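One chain, chain A, links the two complexes that follow: it is found with chain B in the first and with chain C in the second.
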Partner chain A sequence: MSGVRLDLQEPLPVPETEGPPARRLDARAWARENLFSSKLNGVLTVVFGLLLAWVAYRMFRFVFVDARWEIIERNITNLLVYQFPRGELWRVWAALYVLAASVGFGVGAAGRRSSLAAEADGVPRQGRSMVLRRVGPLLVLVVVLLVFAQSLTATLLVAGVAATAVLFRVVGQRVPLRRARLASLLVLVGIAAAYLTITAFGGVPRDRWGGLLLTAFLAIGGIVISFPLGVLLALGRRSSFPAVRIVCTAYIELIRGVPLITILFMSAFALGFFLPPGSERPSAVTRALVALVLFTAAYVAEIVRGGLQGVPRGQLEAAQAIGLSPLKTTRLIVLPQALRNVIPALVGQFISLFKDTSLVFIVGLTELLAVAQNITKQSDFVAQGLFVETLIFAAFVYWAGSYWMSRESQRLETRLGVGVR
Partner chain B sequence: MTEEALTAEATEAHGTGEPMIVIEDLSKWFGDFQALKDVDLVIGKQEVVVVCGPSGSGKSTLIRCINRLEQHDKGRIVVDGIELTNDLRNIQEIRREVGMVFQQFNLFPHLTVLENVTLAPRHVRRAAKAKANEAAMKQLERVRIPEQANKFPGQLSGGQQQRVAIARALAMEPKIMLFDEPTSALDPEMIKEVLEAMVDLAQSGMTMIVVTHEMGFAREVASRIVFMADGEIVEAGTPEHFFTNPREERTKQFLAQIL
Partner chain C sequence: MSAATPTVQARPPLWRNVRVLRWAFQAGFLLVVALVLLYLWGNLTGNLERLGVRTDFRYLRQPAGFAIPDSDFRSSQNVFQALLVGAKNTATVAFLGILLATLLGVIVGVARLSTNWLVRRTAALYVESLRNVPVLIIIIFWWAGILLRLPPLDDGSDVFGVFSISNRGLVLPSLDRTGGLGVFLVAFALTAAAAAAIAVWRTRRFDATGEPHRRVLWAGSVLLAGLVVAFLVSGRPLGLSLPEGSQFATAGGLRFSPEFAALLIALVLYTASHIAEIVRGSILAVSTGQSEAASALGLSGFQRLRYVVLPQAFRISVPPMGNQYLNLTKNSSLGIAIGYYEMTRVTGISISQGGPAPQAILVLMLFYLGFSLFIALVTNLINRRLEIKAR
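== the complex of A and B ==
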């Protein structure tokens, strides 16, 4: 600062720091400190340890010894797609390949950008084991399905899907994308392409889908449509235009006041109200999807609104001061921060949606859980109490999907540095 | 100070003599509370005006009115010949000419330092990315932290963050810079680096309005000091006048408290 002096001190030199002493315990010391630190703790450890061991033993015994898994083995195709025409099954495989390619590419491209940022951050790159842990729940699911399918063709095809995903991930890492947003856009295009692969060009319309395929369609479709809708509703509820605000608020409060089952029932009539008279009645699958989307969007809106309120006012002022328009302020400054802060709640809502798809049986659809019920009535298996096996199977599939989403959400949180401002 | 003398001191443009900001008869209410009472102030081109006064005196409100972070209820503000109106386009035009630095930095935590600085040039001026990056690096060099360009704001010290905030405001090549207590949220050892950047800026001929309690800075850099209390300008004058020969009782009291 040439020529001008300020009466301020030079900064003091920073002394070298010493790290905390390393703390390592062997198993005995660890157990004594954590499990048997007092008499009461010791008793509790023993009691709950025995209880846990007993439950685990019974579970394992049932799953690996007593259970009669034949019902699942014989019905695996039914559980996955139900009455989907068997001659058209190749379309589902093709769709899986399309999906694997686009998701692989998107993850690779997005990962490239964020690992560049992470490197600048000094965060170590995630290793191969990390990737395996990410897709772990899905991997377990696929392996279990293949064990039940006992089919070489299916195993080879699945291996092909996995190889495609890995291959395109590598491609995605190599191809520089100018914008990270293109990566997520590509995944969306992939999802749409996968859908068209099954339905278009003389394919199978979604009304004839069933089983896990239908569950996945309702869940993915529900998430992809309800998320942007929810964000718009949240922004609308905070709009400065009274008309927009009132409509959005009324919508959110109305939907949140009604159980999902009611909305599913009503979607049958309600859609009729809004469609022009004489137009074709929407199919049951469409109605179910619309109901799930309408329902979830209201909850997403409230979650996002919470996030919007958490963005400090100073952020808005800074954006205004540098001349950003209101629209760009929302898009570039407010929304990214708001959404980042509500990832856990949002993913929680999407997990709910995934499991709530099981309710669509009440409008006559046969998704995974309904198939699991139906097959116990087949003549070979009827009245043999096999519903436990089928329910465990369905529960396992739901768990694998939910746990995978939960893991992805945790990974996103650490990547985006929630709470480490 | 007589009414006329005060008006003359506050409304005569210093600097090059040409007025850059003209504030006439400005009043602002928050509910029933009047934060600004008929403020008149003219700021010349290349002038550095330090605004000081006790908290709640309206000094922040005054400069926040200039780029419409607060809407004034009465009076007139003219920035570089453009009168501030309610028209959004007009407001945007003025905001492009006026940079602002906040007490709490208000950097965008989800963007890197470089992205913080290039955001406005790219999205408001629609500059190409490479060009914006190059210009941003120049601004970061100006505040002496080009090496932090790829970090996120949360990884920087307060002083570094505030210098990034200065670079971000400068990236739009404003004609006027507003500083709203830029060093008040900083640890003492970081105040110096921010003040240095501001001194550099003042010497480059930038028109500046600085709300601050850093009297060292005011004494050395300011061309005029404006003392406010209860929403009014109590006294205005050169640093020499202000520190050695204040006329008003309230100014004397304030100086006695902070010096």
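== the complex of A and C ==
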């Protein structure tokens, strides 16, 4: 073989190009280019300008003049935890501190790992303004909640939570890299610890949770439990055993073909029939959680399957060549690469689970949306048409949470270089 | 030389034979799955028997015991017929929703890529604010927050005497049958055929000579003229039915209940925000060289979009669009929260009227599964037609 062309096998040197010079337009030139570049654009600008101005005026007027926010102010604790015993509220705060510490630590450790990797790849670091933009929606949410709560204690406690998160993030950035691998495990332990802080040692069982607390529990519990199930289902669907493949495929497609509400119905009305006679019927919260897990697992499985398909065959063959067993190949070679590629999609699934938890109100659970409906029936507020205020409040909470997470997932996408490599 | 050379054993022992092991493993797996299912099935039948609930599907033939407003369904009819009405309502919302959401979604998606900064920003605002809110809240908001708060039915709710808007719903003028339709329908079919023929002729003419085809104008005017003539000749078989308001109800016209309107509007707005993102992504995925080449040929902005970019973007967007259509159909089950009589609500009521829950929910799931499969089938057919045939 004499004609091996080396030049095709080595990457061509990237020519050092300078980007076009940054353009600086004054306001007039900018407007001419972006708003009035043609007759049609001029008309569109005027029409949309009037429309936006009208919407902005109406919203401003509603939020600051017309709306009667008293119902939210007086029910803020109800909206957040509903019938949670008030004497045990300290447990929720303690759980928040535990969560802040573990998540802060995990983000710090994982962030350091990925930022080292990013530096090696030559991805520029983000500035401080990016960080503010990222947590912006969350910050707005917290500020709005505090404004409604009008409580100094709550403000101080929230400041404490934020400080704890930042502190542990710094600590997380300082730990040796070998330990940093355990960051995700530590976050899991933190979530479990937060749950136990509220329930264990004479605490409040989850059946008495409500409001945003229940929403968060269903969303976080749902994703944490359904994730391993989903991974197993995905591996099963890609298995070389036809029997396993058929069973997993049937389950995934069956669940994905029906609306979540039918599965919630099944668990609410019919789950009891499938248990052995005489056994205690699980509580409403447990039944809803089971339905959410069964539902989400199928979607997680499809996402993970996408990741599995994206792992090059060569990786598998190389693993076999060095003599790894099938189990080790999957655990050490295939899964890590597959999961890394689908993190943004998994965040997307988590967002939709977070939004879907609002459906459990149809089967009688009092999560955020149900509380928002219930408080309009209080004797002080009944028949005053305060639906709009409470619904907008609930919508805002969901919006802030989802928007924040979708921003984070976009950042992860660029950070991990999904689709680039 | 008859040395006992060790012969290569033809087969490994059974417990090390990969083929046998694979079969054994799969058989064991199936056995476990079957045992779990059997256990659940045993519990189910045992429990149902103990509670005296029937285990068959005969409940479908029993009288429903509830009426469905805005339909001909009476409470003496059986559950199966109630489910049919529910299925029809679900299909109506899904069909109209898919149509309108696609329209709105494409417009917003294109607007997100407009050269006009303000238009771009408005579209982004729309998408980001609706995409991140649960669809259930949007549905309830439109129902309780907007449509039910419209002024009650009175003289003021008539708009030009043509349609009426109130908290009782929206009433549009409709066509009512007043005479024999046979002649009219035949004349209509003939006109439509003539219009189609003219459109084909104009297209051929355009291909041959290059003179402007104006086929829409030609065919449209033929169709309209034919319709008017047919209508008059066949003795005016259709009459316009206008809403006639009284204080409590409207008579005549096509009535949309607030529940239907709220569900439809919310599903359209929510799904359109997702479709807009798909459209935007698909347009961005069409290589810029295509639209630069179109500009170089001298196509205008609209022509560039209509003839070069959108057809290619459409091909990319078919699979994710199909997913959104499935989601819209499944989300229509949330009509139960506002009391729209679609499939899920009818099932829910039949359970609360004493129907057996496991069977009823099974029927419900099978219905959605069938509906989903139908939509998936249509999407796949379109996709197969459009995808680039490559070897």
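Observations
Following the convention adopted for this analysis, the second predicted complex is superposed on the first by the 348 of 421 C-alpha atoms of A that agree within 3 Å, B and C clash if a C-alpha of one lies under 4 Å from a C-alpha of the other, contacts with A are read in each partner's own complex, and residues count from 1 in each chain.
Operating definition for what follows: contacts are C-beta pairs under 8 Å (C-beta built on N, C-alpha and C of every residue); 3 or more make two chains touch, one makes a residue touch a chain.
Everything numeric here is computed off the predicted structure, so don't read it as measured data.
Looking at the shared chain after the overlay, A:S325 reaches chain B, while chain C stays out of its contact range. Touch criterion not met for A:W69: it reaches neither chain B nor chain C. Looking at the shared chain after the overlay, A:W93 reaches neither chain B nor chain C. After overlaying the two complexes on the shared chain, residue contacts for A:T45 are found with chain C alone; chain B is out of touch.
In the superposed model, A:F273 lies in contact with chain C only, and not with chain B. Note on chain A: of its two partners chain C and chain B, the one contacting more of its residues is C. Once both structures are placed on chain A, no chain A residue is touched by chain B and, in the other complex, by chain C. Considering their complex, residues 34-35, 37, 41, 44-45, 48-49, 51-52, 241-244, 247, 254, 256-262, 265-266, 269-270, 272-277, 351, 355-356, 358-359, 361-362, 369, 373, 385, 387-388, 391-392, 394-395, 398-399, 402-403, 406 of chain A touch chain C.
The part of chain C that touches chain A in the complex is made up of residues 22, 25-27, 29-30, 33, 40, 43-44, 46-48, 50, 114-119, 122, 128-129, 131-138, 140-141, 144-145, 149, 330-331, 333-334, 336-337, 344, 347-348, 351, 357-358, 361, 364-365, 368-369, 372-373. Listed in rising order, the residues of chain A touching chain B in the complex are 1-9, 11-12, 117, 120-121, 312, 314-315, 317-325, 328, 332-333, 336-337, 340, 416-417, 420-421. For chain B in complex with chain A, the touching residues are 67-69, 92, 95-96, 98-100, 102, 104, 106-110, 112, 119-120, 123-124, 150-152, 154-155, 165, 168-169, 172, 188-189, 191-192, 195-196, 199-200, 203, 216-217, 220-221.
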